[in-house]
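After this come two complexes, each holding chain A, first together with chain B and then together with chain C.
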Partner chain A sequence: MKDQLARWPVRLVIGLVAPLLLIFLWQWQASAHSVTFAPPVAVASALAELLRNGDLLRDTLATLQRAFTGLAIGAPLGVAAGIAMGIWKPVDRLLGPLLHALRQVPMIGWLPLIGLWFGVGEGTELIVVSMSAFFPSMLNSHAGVAQVERRYLEVGGIYRFTTLQRIRFILLPAAMPLVLTGITQALAFAWISTIGTELLTGAGSGLGVAMQTAQVQQRLDIMLVVIGVTAALGFLINQLFRRLRQSLLRWQPAQS
Partner chain B sequence: MNPHPHAREDLAQAAASRGALTVSGLDKSFDIGGKPRKILDGINLNVRPGEFVSIVGASGCGKSTLLRLIAGLDTDYSGELRLDGDRIATTSLDRGIVFQDHRLFPWMTLEQNVELALLNTDTPKSRRAQIVADHIALVNLKGFEKAYPHQLSGGMAQRAAIARALVTEPKLLLLDEPLGALDALTRVHVQNELQRIWMAQRSTMVMVTHDVEEALYLGDRVIVMSPNPGRIRRIVEVDLPHPRDRRAPLLHRLKDEILAELTSGADAAESADNLVHLPSREAR
Partner chain C sequence: MAFPQGKAVAAAWAAPVALLALWQVACLSGLFPPQVLVPPSVVAQALADMAASGELQRHVGDSLYRLLVGFAIGAGAGMVFGAALALSRLVEAVLSPLFLTLWQVPVIAFVPLMVMFLGIDEPFKIAVVAIAAFFPMALATFDGIRGVPRNWFDVAKVYRLSLLQLIRRILLPATVPAVLTGLRISLTRAWVVLVAAELLAADSGIGQMMEMGRQLFQIDVVLAGVVVSGLIGFLLDRGARWVESRATRWRTA
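Showing the complex of A and B:
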């Protein structure tokens, strides 16, 4: 029975129950309040329209590019900072308090200030997205290195590991599960803050920009298409990363 | 297979310059609740090259501490610790250790774990794979080279740890209750393996255990320690050639003697002292 539930076609069907129910309720309600609610049929035709004129593709690509560029800048910096803080106490003492204070400010909260410095545009958005990828990567990597078991470090002592060997063969691999957790979170944060900054700055193209434009034009159908695409893409990216994580951590005993 | 005592002596002579351990006047204290507490008191011990020495004693007699000091994992001691005349001041590739928990790195395969021990040796890179394969074969783990530690049973993981410790060909191999976490059957099996490996390698071995039978089965000599503070109470010569028969009457007689020594050892006053004071000390 348990095995049956685990098989992917079964999982797919079960996973689709809630969305389909939602669409049904939505169609039913939308017919009753047609002014504030677009029915699924209208949304489907909006989707077809956006696909035809290329708007959806352009916006999606712009958002993906922004999110992944931010991730590519913020996550490695965060991992490096977290590991350095975990290995060298002075670095932790020097940077820890500042970084822990700064991370209390919601990322969107930085937008006005950074916008003032760098102007509303691509640069500002990228800085905010990078920052939101930085903090979860840093925190988890730090925790990952800090919790490496002493008994493994002793083995490194027995075999006369140098500092670099200790980092490469013990600290990094032992911290890897949490480092990857950090990057997974960074991915989610980068995705959310990309949409958020696009919504607020409304410059260029992107899914957030499209949402904002649709709001101004009162195109409920388009808004719902964009929300759907955002949710689906976010889910898909997260799944892909989970796969990657599993193959990188195949040395871990299977978790059930 | 080498049942002849003479041949064994020849081998021992060939290794004469390797693995002679000298412990003299060794004291060790730990700071417990701000007060120094003596763990080891005046330990004197000479281990001959190629000898297998077992150390038994109740928990808390400092036998594991002694091993950590010899390994160089703890360097805060007074007295003398020398291997082949050189004072022990830190860890060294000359001294290998097997812990009670196997301590294989879970993120590496068995093969990678063993090879990692060679990282800082001057073994040529081209020969490493062969040496690693030989040692994996030595502990009977052929076919498991690519297994991750979590895929190995407890006994297999412990044998892998022994292979890792031996691959650097240390002059002295320290075994800190290496079989303590294994079930009784696996334990007997790995004991036999250990005897076979020691006979093949003839490096000096010092094993700490709380199992008197195991100590006698493997050891040329058995050091009996008493606790609070840790002292050597008695040294028992086990005059039986290897490989040994577990049923040998001598082993059983010596076992009874040592057990009597260990249990009667703490006389009434001492054990009463323990009962009264141990909990309050822990509470502090």
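Showing the complex of A and C:
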């Protein structure tokens, strides 16, 4: 039995049992229950319809754009802040308490306040997404710089490196793995908070908006399509970044 | 580290106090109109007023109750599920693909789906918290048990330990650190998701308090909500960390 389970065709078949059972149960329940309980077939046709009329593509692109814009704003700021705080103690003392205090609040919890300041719309969503990307980048970059081995810095001292050289040739390369970990985490956070803010503000287009609309219209089929797309995209983006991270860190000896 | 003494205590308090002072001064300077930012004294006043009327306690109590019940259900189920997945190759083969697929979905994306099925009443919020707590807990338990060195099981075999003894003497102590870390992550995740769910649909709770404040342009109430939710999140994390360090102090570093 154990040897059988090690073979991938067996694993594949066994792994399909639970999802298939779920689908059968669902189909059976759907035919017994109300109209809102869309059967799998309806979900497939909803997918086809959303693909044909371009809604799905538009919402997906809007969400991707929002998430990556937020990442592009939040992550570099976070990396810069984290590195600055790791290198210069005064910066850490000055900014650290403020940033750590802000970090305690659930990111989505900022939405009402920022919505009050900037109105419910694109700007508010971007600020919250950027903030979600900022903190993991900052924390990991800070940790990355803070744990650079002393002897590397001593070598830099012997070579009489200037501050800039020290950052460029010692601190940045040594901190790179954690910086990239931070950015990968930032991406995941940005993705989730994009969906969350879209759900809550419901402005413009986006996967979260589509979910919200589907909920109001009681369209389970559309809802499930959107959830599926969200999950698949989140998975793909994460895989992509993992690959990217690996190729960027080729020069590193195998990590523990 | 956990209990800073003397000077360290002063240093730890200096920053937040300075922060509050800065906030107060920035407001008094007239740089920000009161519709945009109110000073901490006004926020404190709003908190005091809400506490006097019992409103604050009701919101915090409702939120914490949902967190506690949902977390107990979700983390408990997650632990059992993770253990089953780790201990049985068959269970793993059957359920792990489904589990890993569902895990890709941000919990917040389940929110509208659950509103559809459960409405926006109490069961919905508890279910959201339970789902948020379930996944990290299941994964941590799975990793914890899988991380037990194989030869420990061999030792158990040599000593002819029964299954119960195996669980009590070897599995539990070996997996406690991972499980506690999982509990902490589950707890903080659950809190974040609960606040989001309350923002979206609720009749009470910290999230709803903030959302109502926003709709009524009561910036002091919104800020009070931000402060309270941050404080609760901080205390949950700290509390869980404290339990973690207490429970694992027998381990050598």
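Going forward, the second predicted complex is superposed on the first by the 217 of 256 C-alpha atoms of A that agree within 3 Å, B and C clash if a C-alpha of one lies under 4 Å from a C-alpha of the other, contacts with A are read in each partner's own complex, and residues count from 1 in each chain.
Quick note on the criterion: a contact is a pair of C-beta atoms (placed from the backbone, for glycine too) under 8 Å apart; a residue touches a chain by one contact, two chains touch by 3 or more.
Just so you know, these numbers come straight off a predicted model, no measurement behind them.
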Does chain B (first) or chain C (second) touch A:Ile227, or do both, or does neither? second
Looking at A:Leu16, would you say it contacts chain B, chain C, both, or neither? Reply first, second, both or neither. second
With both structures superposed, pick whichever of chain B and chain C touches the larger number of chain A residues. C
In the superposed arrangement, does A:Pro40 touch chain B (first), chain C (second), both or neither? neither
Contact-wise, after the overlay, does A:Pro76 reach chain B, chain C, both or neither (first, second, both, neither)? neither
Identify the overlap between the chain B-contacting and the chain C-contacting residues of chain A. none
In the complex of these two chains, what residues of chain B are touching chain A? 71, 73, 91-93, 96-97, 99, 101, 103, 105-108, 116-117, 119-120, 148, 150, 168
Going by the contact rule at the top, pick out the chain A residues touching chain B in the complex. 151-152, 154-155, 157-162, 165, 169-170, 173-174, 176, 250-253
Touching residues of chain A toward chain C in the complex: what are they? 1-2, 5, 10-11, 14-19, 22, 36, 93, 96-98, 101-102, 104-113, 115-117, 191-192, 195-196, 199-200, 208, 211-212, 214-215, 218, 220, 223-224, 226-227, 230-232, 234-235
Spell out the part of chain C that touches chain A in their complex, as residue ranges. 15-16, 18-19, 36, 89-90, 93-98, 101-102, 104-106, 108-113, 115-116, 191-192, 195-196, 199-200, 206-207, 210-211, 213-214, 217, 219, 222-223, 225-226, 229-231, 233-234, 237
